[in-house]
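Structures for review follow.
Both of the next two complexes hold chain A, though its partner changes from chain B to chain C.
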Partner chain A sequence: MQQSRCTDPVILNLWHPLAALVDMQPGVVFDTVLLEERVSYAHDGQGEAAAWRSFAGLPAGAAVEIDQLVETLPVKVAYGYLWTSLGTPGELFPIPEFAEADRRKLNAATLGVNVSAPRAIENFLDMGHFPYVHTDILGAEPHTEVKEYDVEISVERDEILATRCRFYQPKASTVSTEGADVDYVYRVPHPYCSVLYKSSPADESRLDVIAIFLQPIDQEHVRAHMMLCVLDDENEDKIIKRFQQTIFGQDKPILENQFPKRLPLDPRAETPIRADKSAIAYRRWLSQKGVTYGVIPAAT
Partner chain B sequence: MITLYDYELSGNCYKLRLLMSILGIDYKTVPVDFYPGREHKSDWFLRLNPLGQLPVIDDDGFVLRDAQAILVYLASKYDASGTWYPRDNPELLGQISQWLAFADGITSTSSAARLHDGMFYDFDIETVRAGAHRLFRILDEHLWFGEQEGRDWLCSADHPTIADIACFPYIMLSEEGGISRQDYPAIRRWCDRVKRIKGFVVMSGVFPAGPAKAA
Partner chain C sequence: MLDQARTRWHPIAAAHDLPLRHVFHGQLLGREFAVWRADDGYVNVWENRCLHRGVRLSIGINDGRELKCQYHGWRYSNRTAGCTYIPAHPADAPARTITNRTFPAVERYGLVWSATDEPQGEVPEVAGLAEGEFLGLRGIPVNAPADRVVARLRGYSFQPSGRIDGNDAEIAVEAAGDFSVALRAREGGAETLAVFFVQPVDSNRSVIRGVLNSDAEGAARLAVLRHHNERLSKLRDAIEQEAAQAPAPEPIAPQFERLPAELAEMPELTAHGRKAALRVQVARKWQAADGIAGFELKPLSGLLPTFQPGAHIDVHMPNGEIRQYSIANGPGESDRYVIGVKLERDSKGGSVCMHESVREGDVLAISEPRNNFPLRRDAVKTIFVAGGIGVTPLLAMAQALHHQELAHEFHYFTQGESQLAFRDRLDGLKGTLVPHLGLDPEATGAKLREILSVYKFGMHLYLCGPGPMLETARKIAAEAGWPEGAVHFEYFKNTNKIDDSSSFEVALARSCMTLKVPAGKTILEVMREAGIDMPSSCEQGACGTCLATVIEGEPDHQDVYLNDAERKSGTKIMTCVSRAKSARLVLDL
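For the complex of A and B:
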């Protein structure tokens, strides 16, 4: 089925991630798909980057000097990734912890997933699946209860905030030595991005930051970029990345079997339980924003 | 002690973890950042395996590459029961080799589709998916006829062999490459039997068998 290209102004005017700079060889063209448009991108290794609508004369793999390019798209380098927009973007949401020098900042992976971006955000917000899908890592029976937590839609910051989340985790991170009750805070500061804060086993006064940035390829496919900004002075990069890839690899078949692939925003479409409070707020927030891409809008 | 050069999301690494778990073999792993780090193409890894492919094992200095070859080695050396690779049964050995080669065909089709969709490898996606369906159809028929004769496994024995282990992972992960197993009921039943082998372990993307159905 040929899907129409994105006409959703809310989504068109957002910043969208394309790739982690660390995974891009400098001075070489890469290409990808964003909102059903072919987009090329490159960086010079000195902090300058560019993105543009792909054209035949400059294919992936070609050498490029980015200051020679004309007709480029808006571009931003943030949190280790190259971001662009097909519209007129505003500010990108802040992650202040990214500036803290002692954190390990990594792209765990960029993985293609056959799911809509909003379905992937909802799964990221859901604690109920931990014991069943991430058994003996992020959860274990009989510790299956999602305890009461708070959710607010911050009007001032235009984001969803879920706080006072707490879950028993056998192995919350690469530096865990034993199971522990782990505190979680979730932010959804962008319709297709979420930032998670969780207790750090390395420093009880601080929180690890794990973000998922979803690049919508089309309404039912994403590239999921997984950013880590964690406290760990014991393990090699690849060990920290493997931990997150293992978890995401467990989520992948769950995500890809969601039906319908687009997220229904009609409150009657799917029956939530108390643990889904953050998902209910997320769906309502998307409706209020008027998002139509990657969702099934509520009937009006 | 065996060292496995390993990548968590690799089905070819998983088949070795699976057999070693079933046989109760102790081993340690050296993680290789296959994606996105491409560490299997790094200088140190190419010295270990000039093909730049996972998995590789090092068993007290004996280095071996190729998932299927390693299955043969591990079963020959460490399976006290002698059933996973029965060295004294020419017919079975021939069948096992046939299915090990078939497993390589599954890797070059079903696994390729998964690498294309998940990690953006440059394969012709329609060609590799069609190739996987062709193999799955052949396998499904083989298993279906086997069931009619009371045979549960790929080879003509009343027990699983390394052939089953070799073929299992990239069949089980096929949906990540957009290859549905909806039309292959005998494959689905066989997958469930593999999951009930004593010592079975999962990897990311493979779930354990559900509760056994009442007889």
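For the complex of A and C:
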């Protein structure tokens, strides 16, 4: 067994996303970097997929029969993505809504960001920046208040849950002309993945699902995969994707200007406010789990 | 050598790197700076990192008075770097202690100088370089350690400015240090002194900042600049080639200091009594209006603490009286506090003392600013209603909204034009100021009914003025459908007759202490006697400083700070005047 460059057992034993299946041509080798290791992957178009530590004899672009491969890594196809692990992975977290037949499922984007995965997760959980970073889309001055919300660390499911989140959105949906409070629910079921539920403009009784799956390239670089699972019969894929790409494009320069790039877990590293309750819970959860990769652990 | 470099002054920017409302990204010895000039000329050198989530402040917005972080819109004040507003919690005043790390800044020879640690001594003064008569060269960045750059600069050759086309100049090294070299070039009768300061950006990066001892005009100036640019660029190439041969030193790891423990938690009210922690000098005293004296208070040394609009200070007067005055400053005016004092002949003598005894140059003891009347900046529109001297806190608020271009109206009721105070500041508000002059109580009521007739969701009303006018305005607002949460007010004083005849017991839940409050004493006094250090200011139930949370028991409210909903909830009490209707009161203290 080859020695991994990442020595954090929590992170090594997790499932990590590599790519959206729709972005992979069947029978062809692709390669990427995961936790500082070069990893190659392929699928056959019939539902079978494989991932392995890259070797010179099988470069990216080469044709491959995946059932001929030896010494492969664990793989899983879930939520439209190929997942692998450099350790011994357990279960991947559930997203039950993905099974609902009437939802549109898309990879909105796969985008490289020069930041640690935990910093990107905190940004995904954060509402206070909407009026400043996503001006006139997800928020607008003067409606800047982050109202009280609830956060819990679910012991049973080992995930963070933030509920009763509301934020004023200037144009609450494509059909409305007035602003209104939009409801959000956030889950963090994986140190580097988060799932967001948001009022659906198409169906008041249901929620759109938007997830971010971060592929750690190294401690300070990620590829962010954005998964959409939404109720929308009207818009073309490219319209829906463009919206999310715009949002993410606005976050990217902020994330890349955060220092230190790894998330500091010392409570005295940065000043929190009440609006940061979910981030405080997330930092505590990472500390409790003993995560050391992509973070600056608190001195003990 | 780099260790000693930390306590020395180094240039970090050229003065022209700080044009109007720009934020410059500087770096010295591995530490990044956000460098910005406020509209009043002050140069701020701050750690390049917002205390909240670590985003670089060099990508923030310099609005001339404050620096706004791009991520969550936190605002930091010119000079003090204290946080003045957190938009996610618009109803809270940020704890004044949320303050960014600042570094010294001095401008000399067209350069901005700073140091990463407490600098020893003064910014170097160079013999032969006169302020106002030099020519600054373009900064030349070099990928090489500073000592290597300095060593090669000793061999730099150039023509004196008066013989720029010659090629035979004699060069003498006049002085050299660890981070500077002074060279004199002579040819014929012409000579020029060139001083090169080498800024150690990081272990392997430097900037050469050259200054010549004489300026030139027009084409001659351009020729001199071009001459040095060409030669220094060649020198840079040579130094970089040489440096590339040697192994590059490790970059200096940036240091991120830990926050003080109190900033690691959501800030709570500071716990101190009525203390005059600051000494200020009356820098200016003038007649701000008929019967109103204006005072500009400047610190004896250092900086004044950060204030927010709505904040007040306690002034401890020479005659022993203590009075509260609101700060009328606009945002970013952080080098002084401006207050207005109305002469009240029949009061206990506080205002008479300020008007008649206090003179320019006098030293006064004041408290740190406290804000119990915070301004929300998330209103769709803000209505200000000021009566008489009640203008001061509202003026500070309106200037902040005006500067941020947030919608507001400023209604100012006085007896006549000559009573309008702080005309210069009022003029700055431009079209939003609506003076209402000489109205009797009835006409005032009618005007208020007109102003407050339309309430829309998201509007906020701020009131400050004489008691009867506030009562009228609050009543009219309630009738016109303004919810209590949208009506904010501050009374000058509590004119209620305080009934202190009751006696009861107070249990302090967190301190595990039970105290008896006898008739004639206040809760605050009894707590002080028991050694509980509770903050207070006006001590008459008007300012809101000594607020406590009630866990159990029924308060007997006698203040003018809480609104009706807060009173009814029974969860808050002003400990300086209010008492208990029940035999026992449990406070969260």
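Note that in this section the second predicted complex is superposed on the first by the 288 of 300 C-alpha atoms of A that agree within 3 Å, B and C clash if a C-alpha of one lies under 4 Å from a C-alpha of the other, contacts with A are read in each partner's own complex, and residues count from 1 in each chain.
The rule is simple: a residue touches a chain if its C-beta (ideal position, glycine included) is under 8 Å from a C-beta of that chain, and two chains touch if they have at least 3 such contacts.
Because the structure is a prediction, the values reported are computed rather than measured.
Look at A:Q25: by the touch rule set out above, it reaches neither chain B nor chain C.
In the superposed pair of complexes, A:H129 makes contact with chain C only, with no contact to chain B. Of the two partner chains placed around the shared chain by superposition, chain B is the only one that A:N114 touches, whereas chain C remains out of contact. Contact with neither chain B nor chain C is seen for A:S154 once the two complexes are overlaid on the shared chain.
When the shared chain is aligned, chain B comes close enough to touch A:K241, but chain C does not.
When the shared chain is aligned, chain C comes close enough to touch A:E270, but chain B does not. When the two complexes are overlaid on their common chain A, residue A:P253 makes contact with chain B and with chain C alike. Chain A residues 253, 257 lie at the interface with chain B in one structure and with chain C in the other. Interface of chain C with chain A (complex): residues 32, 48-49, 51-56, 59, 70-73, 86-91, 98, 254, 256, 258-261, 263-266, 377-380, 406, 458.
Contact residues on chain B toward chain A in their complex (touch as defined above): 8-9, 31-33, 35-37, 39, 117-120, 175-176, 178, 203-205, 207.
Of all residues in chain A, those touching chain C in their complex are 122, 128-129, 131-133, 141-146, 253-254, 257-260, 264, 266-275. Residues of chain A touching chain B in their complex: 20, 23, 32, 107, 109-114, 223, 237-239, 241-242, 245-250, 252-253, 256-257.
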